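Please go over the structures that come below.
Paired with chain B in one complex and with chain C in the other, chain A is shared by the two complexes that follow.
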Partner chain A sequence: MVLVLALGDLHIPHRAADLPPKFKSMLVPGKIQHIICTGNLCIKEVQDYLKSLCPDLHIARGEYDEETRYPETKTLTIGQFKLGLCHGHQVIPWGDLDSLAMLQRQLDVDILVTGHTHQFTAYKHEGGVVINPGSATGAYSSITYDVNPSFVLMDIDGLRVVVYVYELIDGEVKVDKIDFKKTTATTHSAH
Partner chain B sequence: MLKGKKLKLPDRLGSLVVGFDDKDEDSGGSDSVLESGEELEIIQPNGFGSGRESETDDDGEIEEDAMVKRKAKVDGELEQKGRQRHEKDGWGHVLVMKIIETDEKRSDIEYEISQKEVNLEKLQRIASTGLPDGGGLRATVWKLLLGFLPPSRDLWEKELTENRQKYSKLKEELLLTPSELARIKEEALHSTEHNADVDTDGPLTRQKISHEDHPLSLGKASVWHQYFEHTEIAEQIDRDLQRTHPEMKFFSGESSFSRKHREAMRNILLLFSKLNPAIRYVQGMNEVLAPLYYVFSTDIDEQNASNAEADSFSCFVRLMSDSVDHFCQQLDNSSVGILSTLSRLAELLKANDEELWRHLEFTSKVKPQYYAFRWITLLLTQEFNLQSILRIWDSLLSNPFGVQDMLLRVCCAMLLCVKSRLLSGDFAANLKLLQHYPDINIEHLLLVARDLSPDTSSYRLSL
Partner chain C sequence: MMINEAEDEEKWLAEGIAGIQHNAFYMHRALDSNNLREALKYSAQMLSELRTSKLSPHKYYDLYMRAFDELRKLEIFFKDEGKHGVSVVDLYELVQHAGNILPRLYLLCTVGSVYIKSKEAPAKEVLKDLVEMCHAVQHPLRGLFVRSYLAQISRDKLPDIGSEYEGDDGTVMDAVEFVLQNFTEMNKLWVRMQHQGPGRVREKQEKERNELRDLVGKNLHVLSQIEGVDLEMYKETVLPRVLEQVVNCKDDLSQYYLMDCIIQVFPDEYHLQTLETLLGACPQLQPTVDIKTVLSRLMDRLSNYAASSADVLPEFLQVEAFGKLSNAIGKVIETQVDMPAVGAITLYVSLLTFTLRVHPDRLDYVDLVLGACVKKLSNIPKLDDSRATKQVVALLSAPLEKYNDIVTALTLSNYPRVMDHLDNGTNKVMAMVIIQSIMKNNTCISTADKVEVLFELIKGLIKDMDGSDVDELDEDDFKDEQNSVARLIHMLYNNEPEEMLKIICTVRKHTMAGGPKRLPFTVPSLVFSALRLVRQLQGQEGDIVGEEVPATPKKIFQLLTQIIEDLSTVPSPELALRLSLQCAEAANDGDLEHVAYEFFTQAFVLYEEEIADSKAQVTAIHLIVGTLQRMNVFGVENRDTLTHKATGYSARLLKKPDQCRAVYACSHLFWVDDQDGVKDGERVLLCLKRALRIANAAQQMANVARGSSGPVTLFVEILNKYLYFFEKGNQQITGAAIQGLIELINTEKQSDSATPDSASDAFLASTMRYIQFQRQKGGIMGEKFESIKL
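Up next is the complex of A and B:
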């Protein structure tokens, strides 16, 4: 049972002051084993805060991040799953499924986590899963102002991953669940 | 009479006989032992309790007499032939005697436990003189003494399997992670439905869930929240287990062997803490569990050894049920709490050796709270090495008046055995001595404990 927090596009301090208090109260240290962050934090203080939640922190570079040394893409293996991380502004058209699938094949991962659109999506596409955790602060995006704060928590347990989607809608936290089982065929289809 | 003489011998034979030397307390110790030699005559032939057991004690008496006769023979030889040359002979004789003694005890015990209806009283009496190591006898006898195995042998098989099944069920219920639980629940619900979107691409279906079903839930009823609360306890247990008996390969080190044992003990302690939310886990419980688990795992019977975890759990629960009140902070000042037990220890000391009591309480102001807390709550597991603990526990578990009664006696005996050092020490020296209790001869300690005048401040209703 490995808990992985996926979030990003916070845009602190330029577009948002902080995470919503209801989210902050839920995010306590000691429960989460890994954090993957799609980028656009934008300042070091946010990185320090995330580090305090969990020491294993992975960040991909977003176009507004002040820290220039984050990588453009990152891959990591957690349990039986390979995860890929990228901010997403590099993939054009933004949010296009086929283009993201290309990136997924390039990185050779089971689950690709990207951001930039500030909209939560979760797609099964060509044998892999593409997840966009949205914006954890609800900051406006290059496309729209209508953004609900959201983030994603993945529970990786053997060949099964349960994705918990946390959204702040009308001031209330709503939690949804998505189940995804990996069949061993998925890894071989890329070859 | 005969026993008394035997104990006078240490002055001459003391340096020769294995284990009889090096008592910290020569004059004081043997004095108190000699004085109570008189009491011994009355109590010993009849065992504990009233005189009704004299008929059944034939085996015990014969054994004692034979032993003493052999001893007398040895003495005679020594006196005749002069000291120097025959020190070696004397030693040799005594060692052989010890081996014969142990073998006889072993066959006695085997006889007892092979009976259809085990005579618990007899077993208690033999066990209080110490159980032989190896051969798995100790494991079986302890299980009988703790009431885990019933006296009728026919029921053993049934009892053991039932118990082991119950334990694995408990483990399944309480020790699973929430994600495993959720998975099992879902598989049960959706076992007939086929997972439709295995092959189709497209947006993944979302299911709404309640406020308690997600990992970050802070609700009290949430499985996840409870799980994370218990991880703190689990971490504490892990830390303590790393420090249990660091000198023994059985418990410490990174071999898969010791890891397996620590894992088993971890399960037991976690389960115990979940089933007892009032006291949860307290540092030190790992030490109380260690001897039990060690004895049961080193049973030569294969089946018993592989089920040591389940058996140790049940016996640990039984053992703790006696002293569980000591761990509960709210009960500290009540009549069943630790403070009352400590004052009973002080009373016992006063009844047996007022001079020492006065010196400790008033002159050096060393109150039982400062040293005996750990002795009592952890059943002396922190004061001695594992071998000695096993021997002491033989006596504790075989006391017909209960573990706590004998425990207080042993604590009192520990004080008496270092009497002269205590009398000449001040607060700091005494505290240091008692908190790092020196090595002494365990048999002597237990003898002193047995001979103390009984604890009259509480009336045991076991009769």
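Up next is the complex of A and C:
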């Protein structure tokens, strides 16, 4: 059982002052093995905070990030799964699942994690799964009205991944979960 | 010299101890053989060792304790009349024949103890006798110890209420009288140990005096333990008499110690009820007495008392404690003109702590204390004493911590005035404390007026203050400060649009004064705050027809334009471009075509004139295209102009692959999946073909420049785009076209100059899988994809 925290689009301090207190109290160091962040933190302080939760931190560059050297895309393997990470402002039309599927094919990953729309989605298509953890602070978005703060926790176990989405709705944390299964194991080809 | 003295002292002490032991030995023999005469003789000789003047207090105490222990044995012997056959009355007379006064007194006290216990005479008379006889020893050290002995042996024999010695012949009053007399005499003796003289000598004397102070203070302790001393007696007798001695002795060491002793030893409720008397003594003390520390400790005690239980609070009100204390402090500060700033401010901190504990609801009191502090600070130039500064910060932090609500602190009119007296560095520290308090408590500042006050308080962070040099500041610290301010802006909020707009304008007014260094931090927060308001108003639209309403989206967009323009002074074109696009989208949502167009114009101008970095250009173009793709407010003409510009710039990016990607992204500008969205199949295809041409050119360039062509990734990307529009029903894209493209890719891959690339292979493979998948779907989609012959 490997726990992967996926979150992003915090937009601190431009659009939000901080993570919601209820989220902060849930995110404690030592419980998570990996963090993948879709970007738009935006300042180093947030990176330091995430790093304190888990040292294995992966960040893709958002268009408002103070650190310009985060990569545009990133791929990593966790257990049997290949994951891809990209903020998403590069994929036009924004939020379009077919275009995101193209990126997924290009990165050759089972799970693609992107952000930018501040709207949680988890979508399975022929090529794999596309997950958008939304905005962890519920930051303003030109694309989505009424953003609820949300983040995703993935539990990767063998060929199965359970995606837990945590959403703050009217002051209460609501949890939902979705199951995905791979049909074949990842072949580690020489890259 | 000093070492010799110490050595000598050791020698004398050793001699003294030897003397005591020697005589004690014979005294014990006498006791064993019930020989009173001998016992008296040797005990007197033993006690003569205490007649020495050669020992320091510390060493004298050693000697005294040994004598004390021996006297206990003697006392036991005295008590047992059967052993020596002399009545206690006679014994009392007998010991007065001792040759020297000091041994005589010790023996007298010892017998006195037995005398009182025997009840053959009233306690009060014996005690009176003894305390007066001790008068005979006027040597400070020896006198102190013999009176101390008297105090020790009399402790459990005072005619207190409920004690066995109480009665017609002895009341509490007598007990008190006795202790007071002993105390007064002891203090006089103590004061006589002057600490005058040159430096080192004086230090030594002071040290010696301090070693003895508890002997004097013990009497006060005894007084506090006497059951019969109730508030009435304390008020009428004990305190006035003690204070009389304190004031009259005119000795600063004694006064300081005793005042503190009184405060520590007697109960807090007594202090409350005698506050006026106690405070009244303060101005009468020597000017060199550290009265501020005394007062601080008094207030700290009273603060703790107030905190201990809510029941006691009415008492404070009843005795008007606050008024009396602040008056007393005022007087002290007035009279002690040389008091350093840190002293005065520490006093005010104590008073403020007191006020917050006892009268938390009386903001006027709190403000008064701050006001008094301001007055004191006005008389001195800017604080440069770090201890004083720390105290001022403590003063300002106290209300924040108490009220947990900055809004309350904002109503204290003197609060900003105190802050003004801080040096720039500390002012900023305090400002950060304030911001942190707001963030921690999730406080919402909800009116423009309060925002105004708040920003006045934190002005050290908002703009350059006189005398401060922004360049001197550590970059990371500066960033932290500004990010804090940026976060703070999100805590300024009111549901009511009119007020919210006022808040935004107030914030803008202040942040503009921050200059180019600060704007990149503060402008984004302000912009998004305003955009949230716009969205709120757009949601409400329709309800506010016909009224004179200042807060409209249009007005806010005008304001936003100006705010974003402020960034040109930095300059910060990339940020300005992003913010302009955000505004364009918001205007789009509000159906404001012209406003949206203006913002796009702003974005393009920034792109053309100020964004030169090629990487920045790529991102900027994608943002422009992505935003434009979502616009539905534009009429045909406007839309055409903007898409033309966007595609033009896309094609002119520096690197060919970037050009290619930007151009095929532009294809989406001509196809919007909405119901009434534009679906111009031809222009989509034109874009894709253009992208293809660029990809080809890129391959050829690579061939020429590097000797081998690059990976076919770009082609596969374009293929995917073909498939995308094919699926969406773009008639211009045929199965045959896709076929052709696939063939092209395969040819490229197999050519001699091709470099094998597993990533693009995998990409192509998954794309082909996708086509297969679609074919197998059956139905209309399946049919469509069947037309792609593989």
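We adopt the following convention: the second predicted complex is superposed on the first by the 182 of 191 C-alpha atoms of A that agree within 3 Å, B and C clash if a C-alpha of one lies under 4 Å from a C-alpha of the other, contacts with A are read in each partner's own complex, and residues count from 1 in each chain.
Simple rule for what comes next: a contact is a pair of C-beta atoms (placed from the backbone, for glycine too) under 8 Å apart; a residue touches a chain by one contact, two chains touch by 3 or more.
Note that this is a predicted model, so its numbers are computed, not measured.
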So, on chain A, is it clash or fit between chain B and chain C?
fit
Is A:Y140 contacted by the first partner chain B, the second partner chain C, both or neither?
second
Which of the two partners, first being chain B and second being chain C, lies in contact with A:L76: first, second, both, or neither?
neither
One more residue to check, A:A122. First (chain B), second (chain C), both or neither?
first
Once the structures are superposed on A, label A:A16 by its partner contacts, choosing first (chain B), second (chain C), both or neither.
second
Touch check for A:L53: first (chain B), second (chain C), both, or neither?
neither
Considering only the touch criterion stated at the top, classify A:Y64 as touching first (chain B), second (chain C), both, or neither.
second
Check the residue A:I178 against both partner chains and state whether it touches chain B (first), chain C (second), both, or neither.
first
Please work out whether A:K31 is in contact with chain B alone, chain C alone, both, or neither, and reply first, second, both or neither.
first
With both complexes overlaid on chain A, does A:V162 touch chain B (first), chain C (second), both or neither?
first
Just to confirm the value: shortest Cα separation between chain B and chain C in the superposed three-chain model, in whole Å.
10
Residues of chain A at both interfaces, chain B in one complex, chain C in the other
126
For chain A, which residues are in contact with chain B within the complex?
1, 3, 25-28, 30-31, 121-126, 129, 153, 155, 157, 160, 162-166, 174-181, 183
Going by the contact rule at the top, pick out the chain C residues touching chain A in the complex.
439, 442, 479-480, 483-484, 486-488, 490-491, 521, 524-525, 528, 531-532, 535, 578, 582, 585-586, 589, 619, 622-623, 625-627, 629-630, 665, 668, 673, 713, 716-717, 720-721, 724, 727, 758-759, 762-763, 766-767, 769-770, 773
List of chain A residues in touch with chain C within their complex
11-18, 21, 43, 45, 63-64, 89-90, 92-94, 96, 98-99, 101-102, 105-106, 108, 126-127, 140, 142-143, 145, 189-191
Residues of chain B defined as touching chain A within the complex:
177-180, 182-183, 186, 195, 197-198, 200-209, 211, 213-218, 228, 231-232
